[in-house]
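These are the structures, in structure tokens.
Each of the next two complexes has chain A plus one more chain, namely chain B in the first and chain C in the second.
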Partner chain A sequence: MANIAVQRIKRELKEVLNSDEVARCSIHVELVGESFAELKGEIAGPPDTPYEGARFQLEIKIPETYPFNPPKVRFVTKIWHPNVSSVTGAICLDILKHQWAAAMTLRTVLLSLQALLASPEPDDPQDAVVARQCKDKPQIFHLTAQHWANAYAGGPSINTDYENKIRRLKDLGVTEMNARASLSSCDWDLERATEQIFS
Partner chain B sequence: MAVDEESDTSPRNSTGGENTENKRNEGRGEEERAFECNICLDTAKDAVISMCGHLFCWPCLHQWLETRPNRQSCPVCKAAISRDKVIPLYGRGGSKEDPREKLPPRPQGQRTEPENTGAFSNFGFDGGFQMSFGIGAFPFGLFASTFNFGDPVIRGHGAHGTNPANLEDERFLSQLFLWVAILFIFWLLVA
Partner chain C sequence: MAPSRRSTVTKVRATSRRSKASETNTDQSQNVSSSSEEKPFLLLEDVTCKICLNLMVKPVSLPCRHDLCYSCYTSCVEKSNLSCPMCRKRISVWCRQATKTNTVINEVLWQQIQAQFPELVASQNGEGKDEKDVEDFFPTVPMHQFAEPGELLKEFELEQERRRKEEEERRKEEEKASADLIAELAKEQAELARAEAELERIRQADEALALELAEKEDNIRKLRGSKIVQTPISSRKRPRKMSSDSKTTPAAKKINKFFPSRSNENDEPSRSPSAFAPVTEHFQKRDISMSEPRSSSCTSLESIDQEVSKRLHFRPINAAPLTPPKNSPGNSEIVKPQVVSAAKNLNQLYGLDGENLTEDLKQNNNSDEPIKGAGVLAEELREMEREWLRKKLEQEEADKELARKLQEELDQEAKSTRSLVNRSKGSKDEYQLRKIVKNQPTIEASFQRPSLRKSHPLP
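Up next is the complex of A and B:
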């Protein structure tokens, strides 16, 4: 790995770990292994969003050409959000692509991701199904995002109606993860979800 | 979609700013941090400053411009930026080495002569000095002026092309003119 990249990551880690965001547990970063090429990030779901109270793990890969090219970031924790793939965790965010600038840091990236959680952009989606729900049925989107945050990221709100529907599908031999994904994409219509799974 | 970059990459003073800034600066003086390159986050070496006022090491900024030849923007505030529009900073303790001999070459400062007071003697002195110097160091004078003349043109081009090739060009050109000058002197001596 290029020397400038290693030096930058070292400085950035110091900066992040001394920041007030870390002090109030809003963001966190740590190295994976010794190489400075991969890091583990974590962001807290912003207040007044369906993600409040949940924590999301991120995979951060530092390219050889950092900081001239952006880090590669992906959600490891499953999340229901129009700009994040509900399957792979891939993120659609301009600063991680063409809007990257060399003065940006891991701290600004994590804060931008937090801002993305607070204001989804369904018109520039990564996950088309989630984006459509976000636009057409905002109420259901909110509840679904909240439910996923509870199921995968330690969020506090329990939705018994959704849990019951998942249990019904599980009784038919469907895995919990598949049941949740199908029901979510069918706006929690049990009949449609069953049809989607068994056709 | 992103946090507003400008406000985000600049030091924040919103919530409890002062306290955290201090914590963040542990071990490094506030003044020292003010002269950090915005790309490598180290004290700027071969420093240049953009028109928007942002400080970089020239090698760092050069690599950034090479990475995005088609959309050259300031890494901090995304204002338009280019090789010709950055100003080198020469501190007192800085290197006296000709920056052009380094790779990548740092753009030159734009230096305008102060207004001439119009004194004839002053003018005369200048002329005389230049003349004696011109003859004594003829090939080198020509060598230097060629180098400087050709520079902006080649440089402007260089922002888009590959750098080592341009340096080769420059070296070739200056060598060519040096030989022409030597031949000219030889001819003067013979004739």
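Up next is the complex of A and C:
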């Protein structure tokens, strides 16, 4: 890895770990392995969002040309968000692509992601299904995102209605993850979800 | 941070306005110097490159009022796009112009930085920079791990407990294993003891049987002792007294005292490894000295007996007559080996080493005594044995006397006959010459007839 990249990452880690956000447990970064090529990030769900109280794990890969090229970031924790793939965790955020600037740091990236969670952009979606739900049925989107945050990211609110629907699908031999994904994409219509799974 | 950023923004606007007014580098450097004049003491924050997060080395001041290291600037231009890494403003025009006029580096600012932070600049150029960074960096890594008060102790205790349990388990396992092993060993030992007892039992039974047999044999011997001359001692008795072989040799020497001329010849065959060779040899020798048939047979058979007792078979004697007839040149008469006489001579021989036998028997009895505890019986047996041996010795003396007389007689006869033998051709005692063979005998043939050639020696 280029010397400048390693130096940058070292200094950025120092910056992040000494920042206010870490002190408030809002964001967190740690190294994975000895090299500085891969890091593990963690962001807290921003308040007043369906993700509040949940913590999302991120995979950060530092390219060789860092900081002149953006780091590759994706969600490890499953999340129901229009700009994040509900399957792969890929993030659609301009600063992680063409809008990257060399002056940006890990801290700014994580804070940007937090901001993204707080203000989803359904018009520039990564996951079209989620984006449509977000636009058409914001209420269901909110509940679904909350439910996903609860199921995968340790969110506090439990939706018993959704839980029951998942259990009924599970009784049919569907895995919990598949059941949740199908129900979420079918706006929690059990019949449609069943049809989708078994068609 | 916020106010400085705001000021940057205003400066950017000012610069852009000025650049719009097509003002050149000199103007910009004036601008920089004027700004540094406003802030004569540079803040470290302001001269830290936003790209490498280090102190700016050879700073480059972009038209958007953003500064960065020259190295970061070049990397940015090469690897990224031609826009400011901070505000993404296009810098391609400025870049081209600055490169052309060689005014990329803001020398004024660079001098100021060098003046104000000489030690930092030095460390930046120095080699030990990286290590220092690492030292700076690594202690900060575990900062996020905080233990509740008493948590560590609890963890420690838990671990201790776990270790203790593990230890306990292991000890128990070990104990169990050793107990199993002990049980197994005990079983093995019991088995061994049982086997030993069995062996002991067999041994005692064997001993009893052996004693009984010895008794019977002694009785037989006693019976035969009355008619010593006729009774040859059974050859199967010999192997039983293997230990007395070495003692037989001195006894044989006693005989040889009476026949001093043959003593050497007798010793040799006893050392001979083959069982057959000595036999034939002896018969040959006997043929040479035909005048003493009895004594010679006696000695030859002695050696046979030695061989027999060593090799535990009596065959050589039976085989002996099968050897081709020898026409010894010195003797007119062909004497066939008389195996029948062997019995007598053997008997004599055994009689001679009677003392040894007694000794053997004594030993045997002594060894038997403690086991049986039948002292009286042993005494009786020994008495019987002694009696029998005494008789044998007497007989032996008589035989020896007779043998000597016979030898003398034969010697005389031989002397008288030898001078009178007619060796002339055609006579009865003529030399038997080899017939002339036309074809040279092949090697095979010579191999096939060694005994023949031996039996017809040239004169």
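Points worth noting:
Throughout what follows, the second predicted complex is superposed on the first by the 199 of 199 C-alpha atoms of A that agree within 3 Å, B and C clash if a C-alpha of one lies under 4 Å from a C-alpha of the other, contacts with A are read in each partner's own complex, and residues count from 1 in each chain.
What we mean here is this: a contact is a pair of C-beta atoms (placed from the backbone, for glycine too) under 8 Å apart; a residue touches a chain by one contact, two chains touch by 3 or more.
As the structure is a prediction and not an experimental result, all values here were calculated from the model.
After superposition on chain A, the partners chain B and chain C collide with one another. Once the two complexes are laid over each other on the shared chain, residue contacts for A:Ala90 go to neither chain B nor chain C. By the document's definition of touching, neither partner reaches A:Val129: not chain B, not chain C.
In the superposition on chain A, A:Leu190 contacts neither chain B nor chain C. Once chain A of one complex is fitted onto chain A of the other, the partner contacts of A:Glu12 extend to both chain B and chain C. Of the two partner chains, chain B and chain C are each touched by A:Ile4.
Applying the stated contact rule after C-alpha superposition, one finds that A:Pro67 touches each of chain B and chain C. Once the two complexes are laid over each other on the shared chain, residue contacts for A:Gln99 go to chain B and to chain C alike. Judged by the touch definition given at the top, the superposed model places A:Ile140 against neither chain B nor chain C.
In the superposition on chain A, chain A positions 4, 7-8, 11-12, 15, 18, 65, 67-69, 99, 101-103 are in contact with chain B in one complex as well as with chain C in the other.
For chain C in complex with chain A, the residues that touch the partner chain are 50-54, 71-72, 75-76, 79-80, 84-88, 130, 133-134, 136-137, 140-141, 143-144. By the touch rule above, chain A contacts chain B in their complex via residues 4, 7-8, 11-12, 15, 18-20, 23, 65, 67-69, 83, 93-95, 98-99, 101-105, 108, 111-112, 115-116, 119, 121, 124.
Residue ranges of chain A in contact with chain C, taken from their complex: 4, 7-8, 10-15, 17-18, 22, 28, 30-31, 65, 67-69, 99, 101-103. By the touch rule above, chain B contacts chain A in their complex via residues 1-3, 5, 8-9, 15-16, 19-20, 23-24, 26, 38-42, 54, 60, 63-64, 67, 71, 73-76, 78.
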